[in-house]
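Below are two complexes that have chain A in common, paired first with chain B and then with chain C.
Moving on, here comes the complex of A and B:
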């Protein structure tokens, strides 16, 4: 009995710092942010803070920039995720079997993961530059184009350009996660498949794929949320420009905070994002029939 | 398809991917080493005719770059160290005990990873203002610590689960308390996991931009990302200095990641598969 009580005290004391800090510096500000979505809360007008119901949402949904950011978010997540996943998976499949120099090779192709999105944005901004940019130069040398493209200044190109940078950034994540999953497939499953005379495609469909499916579902779900929430690459690359054409919801939200000081509007965008995330997660878990992924 | 053709295609694919992944970093390094006139001259030089460290000297001249490096180091190391301390305690408990609320706490940790963090950004600013911590490195140390507690706990829990619990049971039979068993027996076995969690936390702190931009205005307290951010505003055209600054900012994280990659992969997979 005493031992049990001691154990309980131990558990409580160990968890206390983490839980107290999270409560004060994560959940409390977060809830306050949600409340702000229903307030007129502008940094330069703090004497005029008051509840205004759904007014921020109404204003947002009437704003062309916000609607554009909605569709941009969909493109941004869909294309980034699809290409990151497909390229990451193909790499993981090739890298599964050890070969000489594999470790070094992985070190070189995975480093992008250690960089900040902001700096990646800067690096690609320099490469995409319409005058001195190396990408224009390379394309002209190969003969694919004969006039320079304004990758970041041309509204028709800007969104594709930021997505390309984002795909580049995220390939490593999928390659790492899927590689680790592939390496945990038990060898005797393949031996059994070999005995049944299965070819390599059959082996992939019947052994490999089902085994790594939980990882695929978890990583694509989480990654989609992160891509949706993270504006740093866009911030570094175009800052939403030209003329708001590359804003996604999260970068527009950041824009409202940093440049407008409009916390109310920013929070309204954030609450909209939470709504979308919840719907997406439910839909995703329903389609993939894997309630267990959420069961951490 | 013949196996040899297939192997050839694979090698080609890997080579192409290698070029695409490495080229951006190569290009920023090369740009940083070119004299100003060669950066903006045609045809573009893929291998500089002339190497120079002028851009690096320039960036220390136009800014307090050494101070930014110091600030970033201080904040990133301290916050990562505090995270490790707090997350080790909670991860151990989450790995070894089942108790009421266990599942809910785990869920709370995961939920924090999915929220659009910027909703909390403005209230955090107000909170820091109330605590009189605006324009202090303490504000960043607190926020970075809190930001990383959930993920570090999840990651460390994965490592703890791989250490057999018979290890500390044996130590406790020998008379150790649970805490001393943790400190003397389990932590030493866990060192690779703890080191990689530390490095992961350090890299996140080193790279964090938006809280630092919001909280820090004082030139003497700026971290590297904040400084780079204000360079973009001020010296948008000076790509020589910008490249040099970028290279200096990425060196520590790239080196550390190369070193810890294997452990981080293990830790993450464990976290993703078992949660």
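Moving on, here comes the complex of A and C:
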């Protein structure tokens, strides 16, 4: 009995360093963030930090910019995820069969995933530039347009443009994950399907798709959360402009900190985002029957 | 689970690690105070951070610091150079967390904020011991002061002027614009979207407020309160006058008819790039672009002119700047001041100004032949006509000024896109500054 207790103490002691680190670097900042959401905490005037209840949330929900960022976030996640997934899946299907130069081709496709989002934002910012950018130049040379398009300065174009850059960024992730899943589909399943006389569409629907479904669920769930949380591309590309038309919640949060020093308001936006993500995850797992997730 | 010897061994290892961590932690916090038995003198380590970082400027500053350290063997300087975009945030975070920091680069934009939070040390008591302080120009002192107290020694001053494409203007038979109206008309005339040529290098993104504010001030020139330049002599804001409406209408025309549509998002980089790559004809900028223009454009294709004036023939001009200050929590203030006086000496400061393209802070330096010709001459010309180019101090003392850039940028973009009217925008700006004044006097 004493030996057992000693052992328990020992195990607890061994876990302590990890737990302390986790508490200091993960839970403390998180809780501090939640506390700040209910404070007037503006960096320009730290002499006036005080609790103000739900005031930050009320101000946020009355702000047209915040509401616009909410709807933008929905567009941003939905279109980015859909196109990243569809194009990524197509690429994975193409890359599944060996062909000459597959390795090199694969390298090019996966390259975007190795870049930082902020850098991608800066690169696309120059590509989208209407006076000096390569996209306008190409479109004019092909003859598709005769006046230059302000991809990032025209509010009708800006949101679509940042989504295009984000799609380009995220295709590689799906291509990598889905290719791995496709390669693990046992070959004898296809042989059996062949013997039953199944065509290629039938094989995809009845063999491939069910086999990679758990991977699809897990990757789309994860990716949606990442896309929702990641402000780097927007920060690099438009910084939310023109006139706040391309802000999503996470870039707006960053904006409040960097340009406003308003940690209270930023934390309130952050807490709202956590709420949305919890609801989303519950809904998603419920709809896709969670027991299939996990083994990818 | 484990045998006894194994357990004892692991426990003692764990204890050893903890003891080691504790001792090193203690010894490192004692580092600065522990007398060094090896050398005769105590070595002081100064931690210094810069804000307006660029690879070339950091190299210049490092060279100066090396010279300083060679002369003062008992002082070691550690320079921190964060990327420009994040530098101010990094400094702010370090100050809020009271991290060890002795010398910091304070900017005109954030000096009020730092003073308000008691982050920086007033330097008035130190200046008496500095023999070169006598030649520091009044403008340099004014930029670095908040309510009669000096908080940093500028390392260079920035002052805007007009850069223009001399070859295009000659070709079109246009003289260099003197007034804002001439500037807008010339911009409209030179704009030819089919050729991808535009008049004005517009800046609608970060830093957008520069042009509309000085344009409105030039139109308000006869009514403005020079000591509090966001306000008129009657106490109202500069946005409350009828002239402000005329000026802002002109500004919208400048964007819609004389600038690239894309420029609504442009910041410093795009604005300068458009000028150097032959897209735009006019650029309003600080002298730190002179070097870039010299490197990227053919000689003779560009020239400089003084800031445009308003209808009364006057322009409001201001100098901005950043410089070295001492943190209020520094433990090595004397050594920090020594470093600052070295970096701010006429030799070091003039050298930095020449290489980096800023206006030097010592009156003795302007006699240098280098500043008497070319693009720098326009700046001196402006200084020599104080009745036409009226100097004012930007509203750096207002804490609200920190957020003004963002507020003006976003509402300005909405106005340029036609989402809000010029009148509504003026009302909004007027309210912002009226509140800023009320908060300040609270």
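Here is the rule we go by: the second predicted complex is superposed on the first by the 272 of 296 C-alpha atoms of A that agree within 3 Å, B and C clash if a C-alpha of one lies under 4 Å from a C-alpha of the other, contacts with A are read in each partner's own complex, and residues count from 1 in each chain.
Keep this in mind: contacts are C-beta pairs under 8 Å (C-beta built on N, C-alpha and C of every residue); 3 or more make two chains touch, one makes a residue touch a chain.
Everything numeric here is computed off the predicted structure, so don't read it as measured data.
Asker: In the superposition on chain A, see if there is space for chain B and chain C together, and answer fit or clash.
Answerer: After superposition on chain A, chain B vs chain C: clash.
Asker: Can A:14 be said to touch chain B (first), chain C (second), both, or neither?
Answerer: After superposition on chain A, A:14 lies in contact with both partners, chain B and chain C.
Asker: Kindly classify A:152 by the partners it touches after superposition: chain B alone (first), chain C alone (second), both, or neither?
Answerer: second
Asker: Is A:215 in contact with chain B, with chain C, with both, or with neither (first, second, both, neither)?
Answerer: Touch partner of A:215: chain B, not chain C.
Asker: After superposing on the shared chain, does chain C or chain B touch more chain A residues?
Answerer: B
Asker: Given the touch rule stated above, what does A:242 touch, chain B (first), chain C (second), both, or neither?
Answerer: The second partner, chain C, only.
Asker: With the two complexes superposed on chain A, say which partner A:40 touches: chain B (first), chain C (second), both, or neither.
Answerer: Neither partner.
Asker: Tell me which partner A:127 touches in the superposition: chain B (first), chain C (second), both or neither.
Answerer: After superposing on A, A:127 lies in contact with chain B but is clear of chain C.
Asker: Quick one: classify A:258 as touching chain B (first), chain C (second), both or neither.
Answerer: It touches chain B and chain C both.
Asker: Going by the overlay, flag which of 3-11, 75-83 or 309-317 in chain C ends up clashing with chain B.
Answerer: The segment of chain C occupying space taken by chain B is 75-83.
Asker: Which positions of chain A sit in both the chain B and the chain C interface?
Answerer: 7, 10, 14, 132, 257-258
Asker: Can you list the residues on chain A that touch chain B in the complex?
Answerer: Residue positions touching the partner: 7-8, 10-11, 14-15, 17-19, 21-22, 24-30, 32-34, 36, 41, 87, 90-91, 94, 105-120, 122-124, 126-127, 132, 134, 137, 168, 171-172, 176-177, 179-181, 184, 214-215, 218-219, 222, 225, 229, 231-232, 235-236, 250, 253-254, 257-258, 263, 266-267, 270-271, 273-274, 277, 281, 295-296.
Asker: Where on chain C does chain A make contact in their complex?
Answerer: Touching chain A from chain C are residues 1-2, 7, 11, 14, 89, 92, 96, 113, 116-117, 193, 196, 198, 204-206, 260-265, 270, 273-274, 277, 279, 399, 402-403, 405-406, 409-411, 413-414, 416-417, 419.
Asker: For a test of understanding, state which residues of chain B touch chain A in their complex under the given definition.
Answerer: Where chain B meets chain A, its residues are 10, 13-14, 17-18, 20-22, 24-25, 27-28, 31, 39-40, 43-44, 86-87, 89-90, 92-94, 97, 99, 105-108, 110, 112-124, 126-127, 142-143, 145-147, 149-150, 153, 178-179, 203, 206-210, 213-214, 225, 228-229, 232, 239, 242-243, 246, 249-250, 253-254, 256-258, 261, 265-266, 268-269, 272-273, 275.
Asker: Given the complex with chain C, which residues does chain A contribute to the contact?
Answerer: Spelled out, the residues of chain A in touch with chain C are 7, 10, 13-14, 43-47, 65, 129-132, 147-148, 150, 152-155, 238-239, 241-244, 255, 257-261.
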